[in-house]
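Next, two complexes with subunit A in common: one pairs it with subunit B, the other with subunit C.
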Partner chain A sequence: MSTIQPQTMAPTRDAVLDDLRGMLAMVLDQYGADVVELSEITEDTLFHDDLGLESIDLVAVGALLAERYGEHVNLAAHLAELDLDEVIGMRIGLLVDFVVARTGH
Partner chain B sequence: MTVLRLAAATPDALLDRLDREDARTAPVGAGPTRIAVADPTDDRLALARRVVAGRKAWRGRRDLWFAPDPVPGPVAFLFPGLEADFAPQVDDVAAWLGQAAPDLDTSTLGRHGAAVIAVGRLLDAALRKLRITPVAVAGHSVGEWTAMITGGLFAPADFEAMLAATDLDALRVPGVEFAVLGCPVERAREAIAPVPDVVVSHENSTNQTVVCGPAEPVGDVVALLRAKNVICQVMPFRSGFHTPMLAPYLDQFRRTGVPSLPLHPPSVPVWSATTARPFPGDPAAARELCIRHLVEPVRFRQLVTALRATGIRSFVQMGSGQLASLVSDTLRGVDHLAVAANSDRGPGMAQLRRAAAALWVDGADPDFTAFDAPVEVAAPVRDPLADAAARHPALAELPLLMREIEEAVQAVLAAADPGAGTVSVSTTDMPWLADHCFVRQRPGWPDETDLRPVVPATTILHHMAEAAVRPGTVAVGVDDLRLHRWLVAAPATEVRVETRALGPDRVAVRLGEYAEGTVLLAPAYPAGPAPWTPSPDEHPPAITAERLYFERWMFHGPRYRGVSRTIGVGAASARAEITVPEAPGALLDNVGQVIGVWLAEWHPARSIAFPSGLRRVRFHGPQPAPGTTVACDLRITSADERRLTADAQVVVGGRTVITVEGWTDLRFDSDAQTSAIHRFPETSTLSTRHDAGWWHTADRWPTLASREFFLRKYLAAAERADYDRVPPRERRDWLVGRFAAKDAVRGALWDRGFGPLFPAEIRISDGADGLLGVEGAHGLVIPPLTVAVAAEGGVGVALVAEAEDRPAVALARVGPDGRAAAVAKAVAAIGPNSDTEVVPVDGPDRHEYAVAWTRARHTQRETAP
Partner chain C sequence: MLEVNGVRTHYQLLPARDAGQGEPPVVVFVHGLGYDSLASFYLTLCPPVAAAGMTALAYDLRAHGRTDRPASGYRVGDFVDDLRELLDRLDLRRPVHLVGNSFGGTVAFSFAARHPERVAGIVSIEAEPATEAWAEKMGRTLGNVLDEIAKEEYLAWVTRTFGAHHARLARAAHALIAATSIVTDVPSGPLLSTADLDSITCPVLSILGDQGFQSDDPLAVERLLPDCRTEVIEGQNHSVLVERHRTVRAMVLEFVASLSQRAAA
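Take a look at the complex of A and B:
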């Protein structure tokens, strides 16, 4: 598993998606399979239904996001504002929205 | 939804199969490399090919399961507790099982808990229907109770009765909240350390911990951790379960809740999430653990780790929710399968198919044909009057009115006319009687009359009460039940049931020539007396419930075996737990079996006894439902050699539901040998072998009833017909001769290496020339043998020899003329070349007998038996 380098510049949407692909691949990898093709993950990919991830996996994603972008990208605080249904039905695009919003100027 | 399943010998072979055009419709095939794909779209099949090519196990993401070469992994069932979201999809599963759909109301904590348990039990039934059986069961929080039920620690009926009577909502600490924290327990402890009153209540998984405490400080902890990027969620229900804060609320629970339920040996190991170990076998320790369960944290992470360490690799989440993800979070990087048997999203049967497929991929062998089995649904009973009333509102009161008229008419008829009817008594009409047979025979024995299925006294009582009861009344008791004759169900018979009103609330009932008694009626059951306190001299009985049946102290088969735990015996008392069997009257029959527990403890060699009458029985409520565990306390009021009288109470949940006074058992004459033939006829004998090879026995059944009892153990139908042809005064000697002959033949066959042989398997018949014929019955093939028999004064002697031999045996009682005279008499009977010996024979009078015997071939005829 590679480490994720901290970033200081405000990332573009595509760059965030690309980062997320890498993070999701790492989270998915713990389930013993590394055959999800990263290009398959788009903004429309569903966290649960498509990737088979559970809300508890968001913990890992949240930690990776904070590591990459800094503690101010606080997924936990963001999720606290959502209903559980929204968390479960999480679309990757919404994660991108969140990161862009927190890292933008 | 369809699930494509394919198996092959190797991943390469599986890839070949996936590449074929007809992959979606191909037969499953065989082999250790397996894949399952739900709704196999082109996309999913493409993914499947990549997964197989990767040769690494894939367990469930995107509805796909793959294992390259699984060793069949043992399965654990994990039952969820209360979770924030609860919308299981089980209506279709219930329909498939032919069960009513469970009530999913979650409006109160208690209802929510009951619903979670009901769903868990339903899914347990569903998986078992699919032949998926766990090697361990466990649960999260309230799910541990589900595990205890499905694992057999509690009888389901007991649990339901407890739940109905318990207000789970009273078990709640006011004002405390749970917060689910997305962090390891160490981090959670660190966060709550400075906060008073907040404690860890659940160690759910590596990255999930639940804390509990008053709303305000819990809110502070959540805010603090969220600021540090820990995902937190406050649960929508409050309880305080699994924390010391609950301790002050537990008194009632301890007395009437889960810890008060009768415990049974589990059918599957039940693991505790408090200790991460199986429940202790000691009931007191298990009960204590039920309390700890509520005041100590749920250690689910440790539980999952410990289960995995035993080799369990597949974990099934027995409900909807997040439990499987807790397993996967804990077992990150460790080979395992976590699959949900139900889901909030999507039909229940579809998720069940996914779970079965996932387990199949991991080497299990579910019965997929069960998915296609027709569903048995009971047709609703239609009431034409009610239908009419529904269509015509003006007739709304018609059904009620008609019922009143009907009741009035019946009451008039009942008072005016003695009633009569018949009851069909046979093992077809009463199949449970196959488990109430006085005589044990080889399994599959074709002649039912040789088994002697007998209607138990208590079943007779049950039928009498049913015959007497009138509309608007219940049978609240039976007085002076007298049992005149065995009511035998083979051959089938019709018995006349006559009822005669003795007064408005007393009905005399007569069941043919077999039994009579008086049934008491009342509009409602009267309250019962307070349960007795256990006798102070009680000690644990030597005979456990298992031994009671396994060692055949009781002859009853499974459908009459209700004693599930023997608790204590005293000089004149016995206590046991009875799990009510289905068979009518079986509960009271088991009260009689508790008398058997007492006899087995104090009089093991003379433990055979059968009821002859019950002076007074009172019912203080409806019969406890089958499966209910009841307590039976028995007090022996008198006991001598011939009879034994006892009183008894049957108690459910601290309430006396049945009282019995003056239950009288007649004791049968028996000693160690007759007791053995009663319990293990196939390996025991009534006769004793002399060193020289002949066998002798003596009559130890002075009453006709006990003679009949042992006769049935030895003689098959044809031989009983022979017996009936013997003049009455010769029958006693004829019978001991047959007993000795059968034991001598069985002894000779055992010498030749034969296994267990029931006496009835040896057919002894009168031969043409005064010799006895020896044959195997109903398929038993034996070598040619011949047997000689002599009997006198209730003593029988038998000698077996090869078929070509001419064995002879004679006996003469040593009288006032002395031994020499007796020897001479015996020798004279069979010829001069015989051996002789004078032996004391254990008979009714312990006389000495001279026995003369010879196996020599000679032409002289021996004495006829």
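Take a look at the complex of A and C:
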């Protein structure tokens, strides 16, 4: 199902957000969800409440991130350090923060 | 994804990091019923367990998470068969440590009763074995869920009390109940006899919330089993795993490490 290409250079914040939009589209697509305009996904978009996704979808996004940026971008290990409220209230911007921090910007 | 007993099953296997000599211990995580999935473990306990030098395997039970949803086949015994088949397919034939949350713990106990040679230890989180008392409680709970969850006023109450996130989870659970025989299958076991319970000789750690599902008698599970110890977490309801995952993590790591040392000695 994946069309993710490995990324070798450190990406910019905008590039990461763009990548995430594509990954979220793949995850949303399997629900047949046609409700979200990709361009409307911003750093303030909430993973659960705005996109209607669940924690199992975070697992999928984690796999796509590792495919794109390498195994050291380990979302599950990062989330395991957070509290439940922080995971449920996850903003897309926090995912961008995480990727940027792990890829060396 | 693997085909397990005819059901396309989603699993995540995290290899042990920096495993020392010999084969690393294998820890298998079994999640709960309803709107639970492997994410409850994958995003909490699996990474630290793998980092501690153990292989971590989490999977979505049938009709949960990303695993397919057959219309029937939801007796405890079906879940036990799925676990055995998954371990066989992944060639994990040495004894494993089972960590089960809620109904996942019930599956772990029944698996250990059926296949004692394949279980090194069990961590049970807010869970109990499939006894008659369990079946009665489970039947009642599932019946109530069936009555309540379909009502719009219930969903409105969930939204007001717990937020939109939980209301969505409740809707998903209702879809699961409506599409399958899970409500009638689960409490039908097969139930464990006293002899079955006596055959669960592996060490068991039972972790409970003091306000959880076993608050009326926290030591009931310990009394049923040959080698069980109980840890009660204060100020905590049934959601022990996700709300207190750091505490649970420390207990699981300590439990598996102590058994592995005992096995090596």
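Some notes on this structure:
Note that the second predicted complex is superposed on the first by the 100 of 105 C-alpha atoms of A that agree within 3 Å, B and C clash if a C-alpha of one lies under 4 Å from a C-alpha of the other, contacts with A are read in each partner's own complex, and residues count from 1 in each chain.
As a convention for this text, contacts are C-beta pairs under 8 Å (C-beta built on N, C-alpha and C of every residue); 3 or more make two chains touch, one makes a residue touch a chain.
For clarity, every value in this text was computed on a predicted model and none was experimentally measured.
Look at A:L64: by the touch rule set out above, it reaches neither subunit B nor subunit C.
Of the two partner chains placed by superposition, subunit B and subunit C are both touched by A:I56.
Looking at the shared chain after the overlay, A:L24 reaches neither subunit B nor subunit C. Between subunit B and subunit C, the partner in contact with more residues of subunit A is B. When the two complexes are overlaid on their common chain A, residue A:L79 makes contact with subunit B and with subunit C alike. Once chain A of one complex is fitted onto chain A of the other, the partner contacts of A:L95 are absent, as it touches neither subunit B nor subunit C. Across the two superposed structures, the residue set of subunit A contacted by subunit B and also by subunit C is 52, 54-56, 58-60, 74, 76-77, 79-80, 84. Of all residues in subunit A, those touching subunit C in their complex are 48-49, 52, 54-56, 58-60, 74, 76-77, 79-80, 84, 87-88.
Listed in rising order, the residues of subunit B touching subunit A in the complex are 47, 50-51, 53-54, 56-62, 84-85, 182-183, 205, 207-208, 225-233, 322, 324-326, 328-329, 332-333, 335.
Across the complex, subunit A meets subunit B through its residues 28, 30-35, 37, 50-60, 62-63, 66, 71, 74-77, 79-80, 84. For subunit C in complex with subunit A, the touching residues are 12, 14, 37-40, 42-48, 51, 60, 65-66, 163-165, 168-169, 172, 239, 242-243, 245, 249.
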